[in-house]
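Residue numbering begins at 1 within each chain, and the chains themselves are lettered A, B, C and D in the order written.
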Amino acid sequence: MKPATEYFSGSDPVLIIDPPLQHARRDRNPQGTVLNVDGVTIGGPEVVVMAGPCAVESEEQILATARAVKESGAKLLRGGAYKPRTSPYSFQGMREDGLKLLAQARRETGLPVVTEVMDARHIDLVARHADMLQIGSRNMQNFTLLEEVGKCGMPVLLKRGMSATIEEFLQAAEYVMNRGNHQLLLCERGIRTFESSTRNTLDLNAVPMLKRHTHLPVIVDPSHGTGHWWMVPYLACAGVAAGADGLLIEVHRNPQEALSDGRQSLAPYRFDSLMREVRAVARAVGRE
Amino acid sequence: MKPATEYFSGSDPVLIIDPPLQHARRDRNPQGTVLNVDGVTIGGPEVVVMAGPCAVESEEQILATARAVKESGAKLLRGGAYKPRTSPYSFQGMREDGLKLLAQARRETGLPVVTEVMDARHIDLVARHADMLQIGSRNMQNFTLLEEVGKCGMPVLLKRGMSATIEEFLQAAEYVMNRGNHQLLLCERGIRTFESSTRNTLDLNAVPMLKRHTHLPVIVDPSHGTGHWWMVPYLACAGVAAGADGLLIEVHRNPQEALSDGRQSLAPYRFDSLMREVRAVARAVGRE
Amino acid sequence: MKPATEYFSGSDPVLIIDPPLQHARRDRNPQGTVLNVDGVTIGGPEVVVMAGPCAVESEEQILATARAVKESGAKLLRGGAYKPRTSPYSFQGMREDGLKLLAQARRETGLPVVTEVMDARHIDLVARHADMLQIGSRNMQNFTLLEEVGKCGMPVLLKRGMSATIEEFLQAAEYVMNRGNHQLLLCERGIRTFESSTRNTLDLNAVPMLKRHTHLPVIVDPSHGTGHWWMVPYLACAGVAAGADGLLIEVHRNPQEALSDGRQSLAPYRFDSLMREVRAVARAVGRE
Amino acid sequence: MKPATEYFSGSDPVLIIDPPLQHARRDRNPQGTVLNVDGVTIGGPEVVVMAGPCAVESEEQILATARAVKESGAKLLRGGAYKPRTSPYSFQGMREDGLKLLAQARRETGLPVVTEVMDARHIDLVARHADMLQIGSRNMQNFTLLEEVGKCGMPVLLKRGMSATIEEFLQAAEYVMNRGNHQLLLCERGIRTFESSTRNTLDLNAVPMLKRHTHLPVIVDPSHGTGHWWMVPYLACAGVAAGADGLLIEVHRNPQEALSDGRQSLAPYRFDSLMREVRAVARAVGRE
């Protein structure tokens, strides 16, 4: 499939971004930005899969899951140590202990680690244990946090806010880049709509629309985008077919015992099937 | 990829449909319904593409477009004779003259014709010229119209309302089937959300969710689902990867001169490229 | 409060309506249209309340409710004989029998009757028994039905579609007026949003926005707009404070036994309280 | 009008909040919480109006506006020193200099000051100059910020997130209260929907729904809720009629020159008219 940028010169009216992007806009890097996260490249020909549990829960859990996802072909390990939860009475994550377990999983598997940072005051701590900082959906417009990760030297994964427009998403990226950090990855994870049978409505329109307007790589999170584990393989393949540079997938060694998001987490053997299916689709659209 | 029905026995809570479906529900036909529209099967292993202009505009336009889409591999011809338009002052379609041109295009190309019926009083007339009746998004809950197409003996294409939930969509299908017509095809065509850079938000989550709850075949309309012709190939491939049984694509011999929806219509040579890409993805997910 | 039209000359950018309205637009009748429904004026200084059950269920039910709402000050009787229901297996209304009971209630109470018409083929029948035809939300873009009620000589109540923009609502009004019927009343009844604690989100912004762009009177339906009977008095008062010319309220002699919409129906004694509260607010904003 | 709490014993199913609220829930304080902000009570019989510019721009601007809104009857001064803006290239506020000007305006007029805090690291500084801390919509789920304002001893104004459900809003309140701060005020300010003629859709359903489930006072912001200054008086009156305990209104000495949100800001003479209209509606619903 031709890249979305081929269509730039067309007469179709596109998204008006005002004030204009200075750093994120496509023509700053027409070939597209390729990130390097501890040796793993994102934004090149390969479709990169990041997988792991919603939350780090125990040494045994994170290590077993990390080994399983690596074996199936994941290139990065995801896992939450700080968890933004709707209620203060829900499990908030293992915090620093969780970070240490993630670092241990990296040592044992070699998988670089991506994990969420919720507060500018935690950046140094999280950066010591992780390879990529995630800004979650609820913080997409936490502008002082965006500026702080813009000043640190690490790759950043920025998730779309659940009611953010494409323009707002790109402007949030601009906050990070404007502080000097161009190692930025965007993630479509579903938006909030009237439809209630799924947790969110995965907006795959966003993939070509983003790629037309920015040179940054774009990945898709079908776990949050659907909220149902059995839907994840379909939307993972759809995301790759829509042009995504990678996927973010929740995998839990035992989804029924997960402390959070068990319903949308895949067991390792199902994740292994998903990887085979995703590989076939990636090849069909000219990716690796 | 395993069909969504494989996951039926899972513990994941699914959509509650109340009152329950009597005819449309999956377990009435676990293998899935296969429609036959004048020799073209929909719902079988093959991914079926229906293509043509938003509106019939002239003999030359519809014939040229019909020949082009057939050559590229489309199996049905779509085209509007009666057009539901937001304003009474916009082009309303060629009406009966448009129907006659569609019938002529069918005679010349052999492609069965699908076209919209907006009023129960037009059903007989439309049925004389077409092979499949389309119920448009704005009429998804026009219950007396649903009942009338439920009484005619022709295959029906039912498009999801732009703010209809999955449950409401399935209940609308039930209205048709309850009157005896089981030749029914469902079409996801994008829902109305806050995002304004695209005409609608194509909800590909709907594809596996529908297929889990009904035995009816499901197709995707990426033209209305995006509103931008250059996005259509990406979302067409994504729809097939998500499990769709077919696609509905707007093609116009000369999009810049189209009387309606020119922005989302593909020129024939671009549709030809799309078909090649779609074929590759279809094979990757085990379809033909 | 100054009428919204006072602000016409302001520099604030307003709604762009394209193609422009010919009949509904404000400057066609800057003083505002006043309807006359069998002697009841709508759009003048008085705030008019229409009340009655969601559906006609029996002679006893409709007569008792009609007498009660008249006593509390309602000026029109509402009641459904044809009910658009999501499922074909839900109560569809008493149909012609329901129309006859409405006509009987009018004879006994003198209240003009407003009731829904769902199909162009029923217009003559409904028109024989009712004083005002209601086009429901699901039919706001049933364009052939709009054209037909545009040809009949009766006042029409047009409800906003649940995902219709203000512009689409005004264009739908234009369909009716373009066929010659200028006796048209618009009703805001709540839109579909992500919020799930209420049945719809009552959009009171729509009241001044509509009144700025059209000369047609505008009423508010807080029963459908909230879905909870105990919220109705608050939003009824809010609707009047926002500038509505009237209210449409569901009242049932015994809400717990209602065949439809019991949750959002007020018992007569509560409706009587509501009327007192509404009168106080109406006076506070300079209405009667 | 009866308070929403009167309806507690009704059979209507209400919002399910899970895990349950510990501090914010209505039955912790059935009479309703009354806040005291430097002598001004919020949540009692009086409807309290907070007014001022979107952003502090100069000494002359904030002082002139403060004097004007005090004269018209406002009880608190609002004004932004730290401004969350979609783009990093838009005016970000005068920051510490803005705080000093707000403190000066308070000294000259006696009006307590409410201003936004965007970052936990600024709380001490903002608290030295303000009387009430505002948490903006974009930070409604910035949980570490909620916890920090929960630890400071000052009254907090929490605005609803633009796509937050009522339940999420109440859970966010719970984060603040769970850290010991019960001086909390909730503000409905419009939600994001498909409707594009207004900046947001003011959700006045939220007022009785919130008041039924929490003892905290609730105010309404019709400036952000509409985005059009000429709509503000209508929705201000509607908010009071719906049961709000107060209003938050943007007033700018010269809206056409405002550095932000000029379109939704009222000139002082219009604000003065609004106050008269609001007083009449407040009396009509039994408030002062």
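Quick note on the criterion: a contact is a pair of C-beta atoms (placed from the backbone, for glycine too) under 8 Å apart; a residue touches a chain by one contact, two chains touch by 3 or more.
Nothing here was measured: the structure is a model prediction, and the numbers come from that model.
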item: Between B-C and C-D, the pair with more C-beta contacts; value: C-D
item: Same-site or different-site touching of subunit A by its copy subunit B, using the half cut; value: same
item: Centroid distance [mean C-alpha coordinates] between subunit C and subunit A, Å; value: 47
item: Subunit C and subunit D, separation of their C-alpha mean positions in angstrom; value: 32
item: Rounded Å distance between subunit B and subunit C, as computed from the means of their C-alpha atoms; value: 34
item: Sites on subunit A at which at least two other chains make contact; value: 163, 167, 192-194, 196
item: Subunit C partner contacts - residues on subunit A that touch it in the complex; value: 163, 192-194, 196
item: Residue ranges of subunit C in contact with subunit D within the complex; value: 1-2, 4, 7, 10-15, 163, 165-167, 191, 193-198, 201-209, 212, 225-226, 228-231, 233-235, 237-243, 256, 263, 273, 277, 280-281, 283-285
item: Subunit A-facing residues of subunit D, complex; value: 18-19, 22, 84-90, 118-121, 138-139, 141-144, 147, 162-163, 167-168, 171, 174-175, 178, 192
